[in-house]
Amino acid sequence: MNGHIQRANILVEALPYIQKLSGKTVVVKYGGNAMIDSAITRTIMQDIVLLKYVGVNPIVVHGGGPEINRVLSNLDIESKFHNGLRITDKDSIEVVEMVLTGKINNNIVAELNMLGGSAVGLCGKDAKLIEAEKKAPTDGVDLGYVGEVKAINHKVLELLSQDEYIPVVAPIGIGPDGHTYNINADTVAGEIAAALKAEKLIFLTDIDGIYRDPDNPDSLLSVVMVDEVYRLIDKGIISGGMIPKVMGCIKGIEKGVNRTHILNGTLPHPILLEIFTDTGIGTMVTK
Amino acid sequence: MNGHIQRANILVEALPYIQKLSGKTVVVKYGGNAMIDSAITRTIMQDIVLLKYVGVNPIVVHGGGPEINRVLSNLDIESKFHNGLRITDKDSIEVVEMVLTGKINNNIVAELNMLGGSAVGLCGKDAKLIEAEKKAPTDGVDLGYVGEVKAINHKVLELLSQDEYIPVVAPIGIGPDGHTYNINADTVAGEIAAALKAEKLIFLTDIDGIYRDPDNPDSLLSVVMVDEVYRLIDKGIISGGMIPKVMGCIKGIEKGVNRTHILNGTLPHPILLEIFTDTGIGTMVTK
Amino acid sequence: MNGHIQRANILVEALPYIQKLSGKTVVVKYGGNAMIDSAITRTIMQDIVLLKYVGVNPIVVHGGGPEINRVLSNLDIESKFHNGLRITDKDSIEVVEMVLTGKINNNIVAELNMLGGSAVGLCGKDAKLIEAEKKAPTDGVDLGYVGEVKAINHKVLELLSQDEYIPVVAPIGIGPDGHTYNINADTVAGEIAAALKAEKLIFLTDIDGIYRDPDNPDSLLSVVMVDEVYRLIDKGIISGGMIPKVMGCIKGIEKGVNRTHILNGTLPHPILLEIFTDTGIGTMVTK
Amino acid sequence: MNGHIQRANILVEALPYIQKLSGKTVVVKYGGNAMIDSAITRTIMQDIVLLKYVGVNPIVVHGGGPEINRVLSNLDIESKFHNGLRITDKDSIEVVEMVLTGKINNNIVAELNMLGGSAVGLCGKDAKLIEAEKKAPTDGVDLGYVGEVKAINHKVLELLSQDEYIPVVAPIGIGPDGHTYNINADTVAGEIAAALKAEKLIFLTDIDGIYRDPDNPDSLLSVVMVDEVYRLIDKGIISGGMIPKVMGCIKGIEKGVNRTHILNGTLPHPILLEIFTDTGIGTMVTK
Amino acid sequence: MNGHIQRANILVEALPYIQKLSGKTVVVKYGGNAMIDSAITRTIMQDIVLLKYVGVNPIVVHGGGPEINRVLSNLDIESKFHNGLRITDKDSIEVVEMVLTGKINNNIVAELNMLGGSAVGLCGKDAKLIEAEKKAPTDGVDLGYVGEVKAINHKVLELLSQDEYIPVVAPIGIGPDGHTYNINADTVAGEIAAALKAEKLIFLTDIDGIYRDPDNPDSLLSVVMVDEVYRLIDKGIISGGMIPKVMGCIKGIEKGVNRTHILNGTLPHPILLEIFTDTGIGTMVTK
Amino acid sequence: MNGHIQRANILVEALPYIQKLSGKTVVVKYGGNAMIDSAITRTIMQDIVLLKYVGVNPIVVHGGGPEINRVLSNLDIESKFHNGLRITDKDSIEVVEMVLTGKINNNIVAELNMLGGSAVGLCGKDAKLIEAEKKAPTDGVDLGYVGEVKAINHKVLELLSQDEYIPVVAPIGIGPDGHTYNINADTVAGEIAAALKAEKLIFLTDIDGIYRDPDNPDSLLSVVMVDEVYRLIDKGIISGGMIPKVMGCIKGIEKGVNRTHILNGTLPHPILLEIFTDTGIGTMVTK
């Protein structure tokens, strides 16, 4: 009997969120370090499929990570780096593209579809979804085929997403001359969420969220304002790979995304727990 | 953490039912003995509003009960009975109609609306929703303005239900001559579910379901086939007020209702627990 | 032959009005003193059904009157009055609600439907059609559950009215706390016509219209401007029960109702004669 | 007061016919001898415009008559006849076409439009509305460019008629080689009504209808069955120009026209009197 | 093989124009002197039918010319002229109307339809397409039933043109009193193109376009600006019948027509060559 | 002038095909040996973009070829073959998938988009477009991850194709367990054309079509019936890589494809020349 009541209470709490999010777009950035445990990955894919089931329109943006290095090394292509950024030459970009769009993207699509979803893989070349331009040299070093987002042509996303499909986007852009560019996936997620004026933008990472004091596990911030984010960056508290994520959040917020979240993607079902509970998990970045 | 996992599991179990029931009709019969505890009633009303939130289309049919007797007695109208059935004369039917459509119906509508729903009360006169004919005399005794369902003109139900509204139906019929007839609410619920080819028909009663052995609380039947129902009636195991309910179930099943249920409406949130869990509660009557 | 010509001329005069009113809303307030003769009532119901036949969308608002007193007295509920206004306590409002929504409303609905219409009864609780607030005390006397219109949620009226249905509205409102309030029916008619920006608002009363000199039957005003109405009220020429009617007209006009009329509902077919003839009958109140 | 009641009764009688005919097609054949008195013609045009006002879709088919002879004679083109049928040579057909489509049709269109309608003139060449084939020689005499209806391509009629327009059709057909053919207008009216499965087909003539005994003005038939029509033709009671009209009626009935009428077009407002009164005027030919 | 390449190149050049013009309106003025050679006329009709085939919406406006004179003379109606303008009395206007709408218009319609099109003939009386007013006297001479365009009621053109039909318009207007007026066809074409905000307005004439020096065949202007047109008129280089054409172009441009052209209609397929090639033929008048 | 006439004639011939194919689906199989010359490839991509411009809906299916071998060899993955068929083990299928979907598909998409199209790349995993099953062992030899088409889920193709997009499909299937399968691209093209009941199915190869006598260049067959194809296979005249193409044609024809073609994709603009000329090029396989 108590089990019944508790169960009922969880549903009573969750169902109104379904109404609120019905027909809305939720952009989920997933990948890299967060994608390591396949059992957890499966719960995240299940979350995305369930979102679609109940009338929410998820869009997945993924990154690359270790897989790219593995193939480059198998092909004896040496990876040069400058300040931690890969210098992507002609040979490398071909491999990056093949792995991102021909392997990782396909795998995510297949897994979503095996769980009952209907995912469709896209990259920035499809319908010129992501128009890119070459990133300016950093400290005078030319990074090669590394790009910035110039424009998002989001019509194809809407066509698929407002129908029964779950778009899965690889962070490859197309240059004005048709060249391939590799783009930071967090940035792509932020730009897509902004272009679609998504209801939510969720970054799945390998930490629980933003901490006021990284050494104190009790200092996790449930909500953090944009101004505070800048201050935490200045103080070096937000740093490294977390910066494109919070900047993606800020970019989204400025262009009309309603809510942006940083969640721990190494725990099971983070999306359901964030979306369908009053307290949520992780950190919400907001205006 | 365990709490999170359990919570997620309940949602993972529930969400696919939302997809399956999306846009489907669920007829809920509620009333009489099941409506006594106002705190419980409130959880049931909440269940109905939440169903609508997540895209299911509930329709409520209610009965009358003690309230009618109270008003009749206040008006010094004597209630005559024959074999437990009220003989409804001209004065009585006026009171029955006023109480059912002008009091109980309004109260349910108001409560649903205070909980965030958008309910609309109807009786069988509205758009001739329930065309009635006089019930044949029982043992030669004329029961007066007691009717049987002749036809359900369900268009108005569909118009409201497929829009944002929750129709709430009082079991009053209109005769060929325009006269008012009182009809058994369980029968009305079965006929409406049948006419709409509802996905589900739910009777909220004051017991947990059908027992194979009424004296043995462990003998509750989760599922019972139509044939078995007839046998249980013959044996006297199903009897009294339970008969119109199981006959309503059978009527619905024969005309295309997918699933029919008898649940205990004196426990909280019976509808959510039945609809959004794999095991359900109560007894399902099926083909 | 002459009969033919006359008949043709009446049609030639009437048909262009059908074109002009096609798809337009006409709110008819009917009730109380105007509803006494059942043969006349029948012609009025027929007028309303015929309006619907030819593509006009009538909405009926009704009042209560003597029936309420009869039931109150049968229930031995004493009616207290202050300056002619009933003090409506908890017991009284229950009866008022039951009679208005469970009896008078049902009767009008049934009669319209027996004449070939498809009427649906509503009160202010349905889809929170009429949100009410307690009327301020008059001369320091608390009138109990007597309300004012706070908001009209007219979507449900439009849904029904733009489909094949004729909504019939009882003047019961729902308070912020879910309580029932009794509201003046003339006021409700004016507010509904205003909310719907109705083409016409018609008050059926027991007199032919507004007289410049009440003692002179030849002084009936065909048209009267709003300014003039205020002057006639000041002079006491318009008084008593006529005041809410003319104020309903003015309210409607100010909020976009095109034409408002006061007609004699004790004569046969007043609505057809007003709407489908060049000269009309009764008094038109206009800007 | 009596005037009011009579007026209301006429409306009560008429309005249900508007509902029944709403959105339905009524084909009116008008022309020749029936078109002589311009004041009467004006009432008929007014009838047609009013039909359109109240949601009925009239289509007018007209004939030619004396005007053609006048122009032929002005152009010194001799008219040869065989058994009363004009032998239409190359010069004649040009004149017939010019007068029917460039004069009579334009005049009807202009008159309807001056009365508030929105008429559009058509002939059988427009969108190949009337595909014709040469009429077989009669008694071995070649009648020249006189045609029979081979096919009605009615899409353009429906496009215009279901929009705000009143199509006005001249009885000119187009042969397989593009040649112009003159066709009997009564036949064209019957074929168009049949192709559109019109609700009504009305022939306006210069007599009151079909008489059982042409010498007895009291023997007008209100209704006549198809079988009886054949008998009356055999007996010679129906003869001459009345034959294509009754055959047009029969053709229409066989192909699904609901009701066909022969009315006197020399009296005012014949269409309104037929359509909007219980008794009608003239003769109805029916199955 | 060379033939294949050339053929492919022509298609590669043409197909993008089909995309650009898809669903757009092209008004073609054709008539008078340009209509002399029936083999050439046939290629022009074919061009118009092919435009419709590929999704462009052509509208044809035609003039009259020698045919009118022939019929007037056959009817012994004397043609009076003032400064080259026909004085159109009551008898003449009847003939002008009959010939334009009952002969020339029908012939164009029939020819388009024999080539696979679906043309519908219209004149200004149809749905009051061209409302006219009497032209002011010229040098004090009353020109009779010669009119100016007062208004274009273009809804019927759009209905037909956006469906499968090709409207063919005769330059006859309807006066406020219902009278017939003859209007310059070039002016009508310009006004219709302006009213429809056509993509293109094409005048088919008997010369190749506008010459800077009429005596020098090499001075044909491919493009001429509106200012230059006025200068060429002032210098007398544009004169006579070319003036209404260039004024029609200017009128169209001022009201939103995108491109206006003057082409030689005595050469085969002028419309296809203008529309589907990069260089075009004739003179384009533009802002 | 002659140039003009010839140009016009080519357009007159081509335009009716645009009407006939408007809104129809054309499946183009392109790849492997036919894709060698990039200048020619560009004309083919241009043809496909132009088809879309004029309202035809092309769908591209491509194969793999030498690129796959190059990457396999760079990765030191040895290719084993049995009877000319690659034995595709776990490592190989990963590379096949990456190259087909992450390189060749992306390149075609990018090229179409740089020419003004809006292409979207798909493989069989996307929305489970191509459900595959393992190919049965050939001569007892297990070919590994080589699949057959089990089902085509074509909804996503229709969604994209009926909108502004050009789907480009890589011949990768998804097995019941989610595994990747490599499938013959000709077979995929035939199955997709069949599933969509395409109007046309075009195989671009490196020969001009089917020859009755492969040694006689004059024996090219313009049209060949299905029966004849079987005979030519039996005789060994159709053999090798041509077999899946003709079988794709036959499969398509049997399932409702209207016309199937085998064209030489090493010559410029083969698709335009086939589709928009009366004579066409290559061989048509038909019933």
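For clarity, chains are labelled A, B, C, D, E and F in written order, and residue numbers in each chain start from 1.
The rule is simple: contacts are C-beta pairs under 8 Å (C-beta built on N, C-alpha and C of every residue); 3 or more make two chains touch, one makes a residue touch a chain.
This structure is a prediction, so every number in the text was calculated from the model and none was measured.
Following the contact convention of this document, D is the list of chains adjacent to both chain C and chain E.
Counting hops only between chains that touch, chain A reaches chain E in a minimum of 2. Chains compared, chain C against chain D: the Cα-based superposition rotates one onto the other by 180 degrees, nearest 5. Because chain B and chain C share one sequence, their contact can be compared position by position; here over half of the interface residue numbers appear on both sides.
Averaged C-alpha coordinates give centres for chain D and chain F that are 59 Å from one another. Computed from the mean C-alpha positions, the centre of chain A lies at a distance of 35 Å from the centre of chain F.
A straight line joining the Cα centres of chain B and chain E is 72 Å long.
Once the centre of each chain is set as its mean CA position, chain A and chain B turn out to be 47 Å apart.
For chain A, the set of residues touching two or more other chains is empty.
The touch graph of these protein chains is a ring, one cycle where each chain has exactly two neighbours.
The residues of chain D lying in touch with chain E in their complex are 74-75, 94, 97-103, 106, 109-111, 113-114, 118-123, 125-128, 155-156, 159-160, 163-165, 172, 174, 178, 180.
Of all residues in chain B, only 1, 4-5, 7-8, 10-12, 14-16, 18-19, 22, 43, 46, 50, 53-55, 267-269, 272-273, 276-277, 281 touch chain A in the complex they form.
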